[in-house]
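Each of the next two complexes has chain A plus one other chain: chain B in the first, chain C in the second.
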Partner chain A sequence: MAYYARKTAGFIVTLLLVSLVTFAVFQILPGDPATAILGVDADPVQIEQLRHEIGADQPLPQRFLNWAAGVLRGDLGASYQYRQPVAKLISGGLSVTVSLAVFSLALTVLIGIPTGLWLARHGKKLYAAPVTFLSQLGLSVPAFCMSIVLIEIFSVQLRWLPSMGYTPWAQSPLKCLQSLLLPALAISFGSSAVLIRYVRASVSQQEGELYVRTAKSKGAAPGRVMWGHVLRNSLIPVLTIFGMLVTDVLGGSIIIENVFSLPGIGRLISTSIATRDLPLIQGLVLYLAGIVVVCNFVVDILYSVIDPRIRLK
Partner chain B sequence: MKAFSENLRRALCGLLILALAVSLTGCASEKVESSSGVSSEPKVVRINTTADPDSLDPWRSAASDTEAIFHNVFEGLCLYDSDGNIIPGLAESWEISKDGKTYTFHLRKDVTFHNGKKFTSADVLYSYNQLTGLSGGEPLTKKFSMIESIEAPDETTFVAHLNAPSAAFLSLAVMAVLPEGYEEQATQPVGTGPFRFVEYTPSQRIVLEKNGDYYGKGKGDDPGRMAQVDRVEVYIMDDTAAVVSALRSGQLDIAAILDAEDAKVLEGEFDIYNSPQNMVQSLFLNHKAAPFDDVRVRKAVSYAINQQEIVDGVFGGYATPLPSNFSPVMAAYYNDSLEGTYEYNVEQAKALLKEAGYENGFFMTITVPANYQKHIDTAQVIAQQLAAVGIDAKIELIEWASWLDDVYKNASYQSTIVGLSGKLDPDSVLGRYESTYASNFFHFANEEYDELISAARVELDDEKRIEEYKRCQEILTEEAAAVYLTDPNLIVACRKDLKGFTFYPVTFYDFSSLRYE
Partner chain C sequence: MRFSELWKRCWHKKRFVAGACMVALMLLLMLAGFFWMPYDPDAMELTNKLQFFSPAHPLGTDQFGRDILSRMMEGARYSFLIGGLAVAAGFVTGGLIGIFSGYYGGKLDELVMKLIDVQMAFPGVLLALMLIAVFGVGLGNMALALGIMAIPRFARITRSGFLKYREADFVKAARVRGAGDGRIIFRHILPHVAPDLIVTCSLSFAGAVMSEAGLSYLGLGIQPPTPSFGKMLSEAQASILQAGWYVLVPAAAITLLVMGFNLMGDGLQEVIGHDR
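On to the complex of A and B.
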């Protein structure tokens, strides 16, 4: 029990430290939110008014305490720039970013695993050269470059798919998929190339193992050897890579959002920093840090459930 | 084995992040757009803007990009036409007393707000009470400090008593009049304009819709200010490349704020319009920072700069060189006799530097906001030109929010390149150099100048006022208060079947003039 209590305490302290540090960093950074939002044409009275409305005229420690007290009540405060609850803005942004990430990962798997398997079999043949070349290209071309190429082909020339904006799933599932297809392709072009390489290498390695020789020599059909033996074994390391790709894709989608003007977390992060929108930045940091910390926390707990010896360490 | 379990841990972590995030987005509620249910295809115009509005409440907004869109939604007692002349708005006429201190506005009787409320003098009274703080409470702006008292003798008359004559008062009376007692301006704004507000999705888009009940229909076939399209969607996009491809792929009908290179790409397929935008882009100098406290050095730098090279090199020809802190787009007040005062002349520059004791040049820093590529490009051209007279200029890029704090607010800089945009009244442009002006970040101080600015403010004789403002420009040029560069033209690309795009001397996209042909 003490183990869980210790972990929970660590979890809370981490979040507290993260928010304190962000808060402090934004005090050191020059730039006043009211001036940043209203710009050079603002009347001094307007700036004072806004500073007052958003509470920027209160002393520092009090602002932090107010904010922290709000968080404890489950209230992340309101954004300076958008005058909307931070929680609502974040969940709105997250729905875009996560839809994009899920879609990209699905494409990554759909492209990566079959191609990897195929290449493991036929990779040395001449007719496989274009596929190998494309996957090499995927590794070397950054996603935003790919985006520009895709936009030029599918939006500007063919006019099949939109290059900007986002339609929520609830409004029109088809339009939602359309608005996400190009950005997801741009992201998965690179990430599926990574997956292809791992699948291919892993399958090739497994095929050289002794158990494959045994299976073959006892007369198992090549398909059965592949699906029943090799694939299962080679997917274990691939699964690990996939877990890392998830983080890559989430990170990559933040850049791609700007190229496709998608209103996701990436755009929230960049605009909130530019306008010194402290509540929104704090909320975003807390959210992202919270997700990471919660995941680590759950994994720790899971480990200890699976292997009770860990608790004693 | 250890490495494997570490990897497994990471993999599990990644998957959990994903699962958690997916479950969280399930909670995000999405508003379903209501379809208008019109049988014929609605006419929609889609346009871009660069930034989120600073506030949907016009009294709390200051950004010109916000005004550019929302001036279609809100109206004041007065409006302005495309030449910057003040024309009747919610007030169909007005009288000014002989002493210039009493303004009597006769209001229109046929106006309703977008929420269905009838417009009367009570709304004007409420609006000006809020703006001036006369009913108690803090004023929302300093602009109306000349108002001493206000009254509404009947439903269609509004009277403002000023404490002194004010030449700028009518051009300030373009300020939005809002319905009395309506509290939702910041989220669901309500005005009287030709377009009504529909929705705003942060960092995505703003949607406006035709106000079918608008009063401003012209006579006969003339649509007046009545909207000729049904809906306007304004997309918030900060990447110009994205704007260009959105236009080329038919996702935008108008693309505003383009670069010259983009305009060249789009030329054949689209109509390109461009016009000076009443902005003054300058190399501003801090008069309290040596060596710019010496007028000879400021003049030397002015002579050392080749404006045409900036116009051509940075703006691809789409910019207007400026002799002083004033754009020719405000034609009536513009002092064209100053053109060519500092013709590019390296010898003259060197001579002046020698006279000031900087024969071997000096080192200077140009602080440039990092988010304005054109200003950065300009800085690079200038640094090269200055090198020719022995001045070693270092470019320092700074984030916009930091620029506002360090340069604009605290004036801790040596020189900077930025564009200051003008408003309808010359006072908003030239008043920036008044020694008492709060954001006089140049630290410019000149007695004659201050007197002229104060005099022009209360001068009701237009001709005298014009002379005063022309003299102000002359002083700025004589003193080389800053190194004046250009007014970068606003470049707009428009679908060929979409006509009527009109430029104004302030940033305003007049959606009511747009029509499909």
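On to the complex of A and C.
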């Protein structure tokens, strides 16, 4: 129980610090928000009034508390450019980003775990060289580079898949999957390479353990040793990098959404930076970082449920 | 292990040699550009746009008829410059943070670890994007943002090294002889951590090149007409229907650089790993 309490406390502190950092960075900005909204030539009385209205005349800690209280109520302020609540804009883009992330993660697991297991067995053989090379390529080719090459192959040359745009799931599930397949492939090409590395290393390490020797000397078949003993033990540590994979996939989607013109959070971020729409950027950054912290927390808790030894360490 | 020995052993690692060749190729391309370029990288020739590879333009021409090889030569400068600046910033700042946190420990260490946790919560280029949003678009600001992104990695590696060696026998012996903290840190412990730091430099360089390309692709990094691999990719994407081959040129350059530094880092890591 003490373990969970400690983890939860750490989770809350991290969340608090993340929001503090997000708030603080935007305070470095030179200039005054009221002047930015009304313009340099505005009436000083009006500026003063607006400053008071939006709370810019209050001391810094007070402003942070006001902002944080707003965040907890789901009020992230209003976007300068779209003249809409930031929370509404984010929830609009969220479905796209989340579908892309889930799809990419699914592909990552489907590619990464079997390939990692296969490489742990056959990695040293000559016929495995192309696979090893591909996974090395996955670690080195940036996802957005990969996506443009994929567009060239699957959209321009073969004309199998669309190169841009997004169809919502409700409209046509098939078209939705089609529009997400290339971006998800581009992201999972890199992240599955990371997963392959971990699975391979983890399986190789477990195969040297004493319980494997015991199982073998009892006369267990190689398949039984692999599926019954090695696999279960080696996939537990792999779970820990799941939090990292979520971070990877979300980070990748920021640029990938721009490559494929998907109307998600990543695309909102880059357009809001181009127009210097600060409340929107602040909200988006906080949201993405929040998702990462929550996912890492969930992975931590799941890990300790699956492998209770962790709680004692 | 001494540096000369480390260096010698690296050349027995296939990965390191392959990586070094890739980096050397790009380095050569960049260095040659200081003495000779086929064309002025900014000279436009609209009658001659999107030409495929030819003896006159070995890597073809872009959508304004500019020579792509010349633009690659100049673009490589910015990749190396940004990568170098980001690694230098991360190395110095992250290294110092790691030294203090690992060697002295205590409350400071807890705080540093927490801050690194917080930094890890910002996925991919998000932190750099946030800083660019605040400081504005430009080469210097991007180098700063990528430098800040590189700090935690260096801090973590240095910290774990110092944590490992601060109670080691040779440190105790030095302390008995009356060596001060400064001497112990820089003369006795740092040389043991240095190989790990070199690996981190190599991997961080690859990461910075990748992020730079991504930011420039989004139009938030190096600004046109200055050539950069990322920007060239987005230009190539815009003309993908007329000239699909153009995409492959900047994509290959980015891949060579990133893979080169990654492989060198992996090779070094293998050598250090064997030593322990």
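Everything below uses one rule, namely that the second predicted complex is superposed on the first by the 198 of 313 C-alpha atoms of A that agree within 3 Å, B and C clash if a C-alpha of one lies under 4 Å from a C-alpha of the other, contacts with A are read in each partner's own complex, and residues count from 1 in each chain.
Methods note: a contact is a pair of C-beta atoms (placed from the backbone, for glycine too) under 8 Å apart; a residue touches a chain by one contact, two chains touch by 3 or more.
Bear in mind the structure is a predicted one, so any value in this text is a computation, not a measurement.
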Touching partner for A:R276 - first (chain B), second (chain C), both, neither: both
Partner chain(s) touched by A:A184 [first = chain B, second = chain C, both, neither]: neither
Which of chain B and chain C A:V21 touches, first, second, both or neither: second
Which of chain B and chain C A:V71 touches, first, second, both or neither: neither
Contacts of A:L50 with chain B and chain C, given as first, second, both or neither: first
Contact breadth on chain A, by residue count: chain C or chain B: B
Partner chain in contact with A:I111 - chain B first, chain C second, else both or neither: neither
Chain B versus chain C as contact partner of A:L100, first or second or both or neither: neither
Chain B versus chain C as contact partner of A:P168, first or second or both or neither: first
Touching partner for A:L250 - first (chain B), second (chain C), both, neither: both
Chain B and chain C contact sites that coincide on chain A, given as residue numbers: 29, 148, 151-152, 156, 163, 247, 250, 258-259, 274, 276, 292, 296
Chain A-touching residues of chain C, taken from the complex the two chains share: 114-115, 117-118, 120-126, 129-135, 206, 210, 213-214, 217-220, 233, 236-237, 240-241, 244, 247-248, 250-251, 254-255, 258-259, 262-263
List of chain A residues in touch with chain C within their complex: 13-14, 17-18, 21-22, 25-26, 28-29, 136-137, 139-142, 144-145, 148-149, 151-152, 156-157, 163, 247-248, 250-252, 254-255, 258-259, 269-270, 272-274, 276, 278, 281, 285, 288-289, 292-293, 296
Touch list for chain A against partner chain B, complex: 29-32, 35-46, 49-50, 81-84, 89, 91-92, 94-95, 97-99, 101-102, 105, 148, 151-152, 155-156, 159, 162-166, 168-171, 237, 239-247, 250, 258-261, 263, 267-268, 271, 274-276, 291-292, 294-296, 298-299, 302-303
Residues of chain B that touch chain A when the two form their complex: 4, 7-18, 20-22, 24-25, 27-28, 30, 32-33, 52, 54-55, 60-64, 138-143, 186-187, 201-205, 235-239, 241-242, 245-246, 248-251, 371, 399-402, 404-406, 408-409, 418, 420-421, 423, 438-439
